[in-house]
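Have a look at this one before I ask anything.
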Amino acid sequence: MDYATLIQVSDSALRLATPLLLACLAGLFSERSGIFDIGLEGKMLMAGMASGAAAYLTGSVWLGMFAGIGAAILFSLIHGVASITFRGNQLISGVALNFLASGMTVLIAQALFHQGGRTPPLSGGARFTPIELPFAEALADVPILGPFYAEVLSGHSALVYVALLAVPTTWWLLYRTRFGLRLRAVGENPESVDTAGISVVRLRYSAVIITGILCGLAGAYMATGLQAGFGREMTAGRGYIALAALIFAKWRPWYALWATLLFGFLQALALRPDVIEGTFGLAIPVSFLDALPYILTVIVLAGFVGKAIPPRAGGQPYVKER
Amino acid sequence: EPALIFDLGGKFDKSFNEAAYTGAQRWADETGGSYKELEMQSEAQREQALRRLAQSGANPIVMTGFAFGDVLNTVAPDYPETKFAIIDMVVDQPNVRSVVFTEEQGSYLVGMMAAQASKTGTVGFIGGMDIPLIRKFACGYVQGVKAVNPDAKVIQNMTGTTPSAWNDPVKGSELTKAQISQGADVIYAAAGGTGIGVLQTAADEGILSIGVDSNQNHLHPGKVLTSMLKRVDNAVYDAFKAGEAIEPGIHVMDLKVDGVGYALDDNNAALVSDEMKAAVDAAAEKIKAGEISVHDYMADNTCPVE
Amino acid sequence: MPSANTQGAQRDTAAPSAPPPAIELRGISKAFGPVQANKDISIRVMPDTIHGIIGENGAGKSTLMSILYGFYKADKGEILIDGTPTTIPDSQAAIRAGIGMVFQHFKLVQNFTVLENIILGVEDGALLRPSLSKARRELKRLAEEYGLEVDPDAVIEELSVGHQQRVEILKALYRQANILILDEPTGVLTPAEADHLFRILDNLRAQGKTIILITHKLREIMEITDTVSVMRRGEMTATVKTAETSPEELAELMVGRKVLLHVPKGPANPGETVLEIEGLRVTDADKVERLKGINLTIRAGEILGIAGVAGNGQSELLEVLGGYARATGTIKVNGQEIDLTGKHSDGQSRRARGIAHVPEDRHHYGLILDFSAWENMVFGYHNAPEYQKNAAIMDNAGIIEKTEAAMEHFDVRPPIPSLPAKSFSGGNQQKIVLAREIERNPDLLLVGQPTRGVDIGAIEFIHRRIVELRDAGKAVLLVSVELDEIMSLSDRIAVMFDGQIMGERLPAETNERELGLLMAGVTETGGAS
Amino acid sequence: MDKLPAWADLVLVPLISLLLAAVISVLVILAIGQDPWEAVRVMVQGALGSPYGWGYTLYYTTSFIFTGLAVTVAYHASQFNIGGEGQAQIGGLGVALVCLALPWPHWTLALPAAMVGAALFGAAWAAIPAYLQAKRGSHIVITTIMFNYIASALIVYLLVEVLRPAGQMDPATARFPKGAALPTFHDIPGLNLIFDAPVPANVTFLIAVAACFAVWVLLWRTRLGYEIRAFGKSERAAVYAGISPVKVIMVAMLISGALAGLMAINNVMGEAERLLQNSAEGAGFIGIAVALMGRNHPLGVFLAAFLFGFLYQGGAEMGLWTSIPIELRLLLQGLVILFTGALDNMVRMMLVPFFRSRRAA
């Protein structure tokens, strides 16, 4: 693979990694608070539909984004009610919400636009447009780093940079603030938080709402940044890949960045069988690359390379009284 | 009452299935008749869909897409009274009409236009699912490109190996970006719903694209060089019009019967110069007359040019 | 109410000039569904004292303290702090009122550092850094003032239990608690750690803190408290000055009658050796050696009692013998060696060798609470041929029939085999387990805490059954933390401490004092091991 | 929390959940401007109004029974098997390999062999997650999700690169030999008086019913079932009783995977007669809903599978004859799972006052 190709694939990888990263960080907040969330996929899908539809109807990508965030938060709250308030099974709730989203998005989009469950193509102000980073032009000619800066880093829509900034922000929130300390504590041992006089329920709801916001951004990016409109099942399992990345990253923000970049890179590479063949000298089946994130995650889960230990209270409802 | 079954990708794919829909709609508008329609949701549903429509007395039943071939082969004999029409596939049954197109001819024409419009001498092709049918598009296209500019480079990519390749705009978009980075400045998308992503990205990045099946010029006015028309609409219209009297057997839609062609309208008028049009029209005449023979990939599963 | 000390009546009525009680509870009641955990409880805790609360398991001690700490809400009643009525809707309010609590089960975040645990919930401001550095300074001061050293940067899961407890105490002090509640603080501690804790508590009292100490160990009460309150079955039966009472009086107040556990039993007729243990060692998952070379023998027709403070290896001993923990060394049953690697033997093969096991914890081990009584009656023996109809199918009807007979025999009430185990009371659940294990006439019965949480009537019944089994020529290994039970049931007593047998005694030739010393790791020669 | 009588918990809770799901669906239909009563009419008519409809309803029921039982068996060992989808697809691979291996002379020979293939392959696909859970404590929910995706990638690869016959465009295996075709209800003497046109429901339905009975016997009449249920209720107690966790997890998951794999007899061998991509069509996931709705009892699973068979066939008809998208099925499915599996405590709480006042009365 020559450098130009690497640049191109990396550029593509960054775009494809962005929804994974946002969804992965979304899952991180929820799971760090002790609420397992396998419904990232559904929330992204809802957000994609809502943002696509709202952006089309209002002509404003920002309104679209907020609609997406709203839809994802709504689903988050259903998950919260089921798993926090009514102490239901978090895994089942997640599965259910994914189905709900698959059905709901098509029903709503079809009712609104009669285009088989997709929104009409977005244009102009209804889409996120690429942002040129400063000096991208000027630096493009610097050898090695220049093209990397100008081609790979520069020229993406705002949400790509939001996603990248979300990583240090998440890290900072988690490890440097009171909220983060409590969030981590409630996912490890909710009783410690409860006896310290902090509301477990409120903390967990806040976490779940942040999850909704980030999933909303992920969905909005899919429909209004990466694509110009929503299409049925457009998230295509990205929520599950994000979940895999979250495990791969052992529930840590910086690792999440690397994991999603890796998975994004695999996705980008899967698009270019020609490059693979040229680089490795043999035709690696695209199916194998598609499956690789899941295979890697299983290997990590199996503890063969550094065991992934989930937050200790994850998945269990907090019951104070019997 | 006739019926129409759309393949995966759906009625509003702006391309192949939508062309079928347009044809059916034209028939309905003209005759005031009504028809049943059904969109496939999954691979395994095909048989149920066919049987259900046959059961309900629909006749003829038109289906779009080669993927129906296998099930039609088993279903058609169970309903000898019902007439079927399948597009893009040959099914040898007494009550089936098989409609096939000479996509290589239409693709040849748009290939010529691509070569003429290209400034870099590099053009692209993005196909949907990697099957001989789509290679047939690609091969005709390359032949057209080379006819104009023997030195031109054609970058080819297929979106995938499964039917989901017909409906993956994200991949279409990423492949477009990849081809642009390799120098392509005209890209032909023969990929169903995936093509929407191709055309969108091409328009965003300021290069030209070529649509397929339906006239897609209007999707991005001034940015779509032309569209390779595959008159699925005509095929559906004809079948509906013939009704129960539809003739079985193989039905080839080629340039001569306007089965394929290229689109010219207000949206791309500025992009197509008179000399381009003249050259393409001349080639079309020669193809019709048999003076130019465009190789059909599916005849021997090879393509003489790369 | 057999005692003259009616509830609420306090013998230590303070002089008018004395300061108001640090805490006064008036008429506190709390029910969990049908269980009345606290009934109309009143208590006054004077400042600068250590106030003990004792009571049997389930008497309602923890519930009462949780109410005081705002963790549970009382159904009725009033709380006064320093004489002012105070409502404590949540723990934050309790903390504000100067109450700190060290729970029976620590509430620490295992993978946090000590500092992080200390500041959790009392951070100053939204950012952590200032809170952390303040806590570090404060911790240093507290450590010096009260002798509570602990590394502020250590991660909790790497600390010993004793140190974790110090962190809990530090947490309370950091929150400027004037009143410190400790719920069974010594249950998990080694005697040395417990002594250290008492020195710390002494120190805290000297510095003007008020301490409530929950325990059911009379020795601790006598040793350190100023005043003691006794709870029984959700009620407060008395509050007395420690100096004016005796362990005997407290014990009577606790159980509601004179404690005279005497089991009618004749002398033992020991026969062949049934169980022979040599050099038994167990290392747990954390690589801590829990059994350090145990040697024991039990003969047919004999009850060997194992005395010891909980957590000194008794549970591990039972687990190894029961077949579900691995060990090294040798165990012979009826002269035949048993595989200890776990490869060729498990609970079922032990049972096949004639070892029956009544586990210490019937809820989590002995029973499947959701299974019916008859399903529980074959639990562990479900592969035995007599319970099968044919090669594939179990003989459910036959099992139900046998269960009915066994329930009759063991006076399980109600004698309905189809009832799920969870709907029997604790005593009756224990009888089901005993019935299952004894009915099959084992050569060796392992019994752990046979009467924990069981009422007096059932205790006597269970004791009689164990003695009957012995008289039938079976060997019995009895593990109990209740010295009385050990003393009255055993034919021989072995005392365990820190994974070792400290010594063996005959009940007639020893007394509680001597056993107590052994249990604390003090040998005859006077040196602590 | 107040206790409900057992029968209410078993019968009323699922029914109320279903009712809630139905009410919300009706509201959604109204919200998108369609007529719910028309939808219900079309569904009932389409699924139960003709032998043809029954033929499809029972066909789907058959598939859902298998996947529902798969979830049920794993559930009793306290394992949440979300991998039914992948196991069913790999089971289909087993069926295809068996059917294509020999020119089967008669279905009575092909069926047992294909069942073995389906069960073995399905079980094999469950084996790795099971092993990782049993031996290394890797969360089985996550690993089975991952294995669903790995299965679908594997199937795509095999269909495209290995099993697709030369000259065929769609990624599928060749047609199975005629001798491997299972008799459908239309082919069975007696039944063909009712099912006068070809329907997909086939002899597998009878196998599914037998499987319900077999699972019931397994769970409540055999030693193995006893151990599975005991382990599922309390791992610690099971260890005390000498029940090996590794064995129970492995065996329960292998049986679960085998049951999911057996579904392929119905759809791959009985209906499609070739292996297609995504052959399970989500039936693996519906198994979750079926098991939850059926309260993890084979009889309940049978009834719930029929309910979902009805919803699926009715939903397909609704997609065909009304302008309500077929995705309404997914919505209903999601709602049923949500109410029966995650909001069950809410449903219980809704019922408690009713029972309290009744008791007081």
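Chains here go by letter, A, B, C and D, matching the order in which they are written, and residues are numbered from 1 within each.
To be clear about the criterion, a contact is a pair of C-beta atoms (placed from the backbone, for glycine too) under 8 Å apart; a residue touches a chain by one contact, two chains touch by 3 or more.
By chain, with names taken from UniProt: A, D = Sugar ABC transporter permease; C = Heme ABC transporter ATP-binding protein.
Bear in mind that the values here come from a model prediction, so they are computed numbers and not experimental data.
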{"item": "Shortest walk length in steps over touching chains, chain B through to chain C", "value": "2"}
{"item": "Distance from the mean Cα position of chain D to that of chain B, given in whole angstrom", "value": "38"}
{"item": "Whole-Å gap separating chain C and chain D, where each centre is the average of the chain's CA atoms", "value": "47"}
{"item": "For chain A paired with chain B, centre-to-centre distance based on mean C-alpha positions, whole Å", "value": "35"}
{"item": "Residues of chain B whose C-beta touches two or more other chains", "value": "39, 161"}
{"item": "Where chain A touches two or more other chains, by residue", "value": "117, 232, 287"}
{"item": "Contacts with 2+ other chains: residues of chain C", "value": "none"}
{"item": "Set of all touching chain pairs, with the criterion as stated earlier", "value": "A-B, A-C, A-D, B-D, C-D"}
{"item": "Residues on chain C engaged by chain A in the complex (per definition of touch)", "value": "32-33, 69-72, 90-95, 101, 103, 107-112, 116-117, 119-123, 125-129, 131"}
{"item": "Complex contact set, residues of chain D against chain A", "value": "28, 31-33, 80, 82, 128, 132, 136-139, 141-143, 145-147, 149-150, 153-154, 156-157, 160-161, 285, 288, 292, 324-325, 327-335, 337-338, 341-346, 349"}
{"item": "Chain B contact footprint on chain D (complex, rising order)", "value": "52, 56, 156, 160, 168-172, 175, 197-198, 200, 267, 271-274, 276-279, 281, 316-317, 319-320, 326"}
{"item": "Residue ranges of chain B touching chain A (in the complex, touch as defined)", "value": "10-12, 39, 157, 160-161, 164, 167-171, 173-175, 177-178, 181-182, 193, 196-197, 200, 219"}
{"item": "Touching residues on chain B, where the partner in the complex is chain D", "value": "36, 38-39, 41-45, 47-49, 51-52, 55, 66-67, 69-70, 74, 78, 131-133, 161-163"}
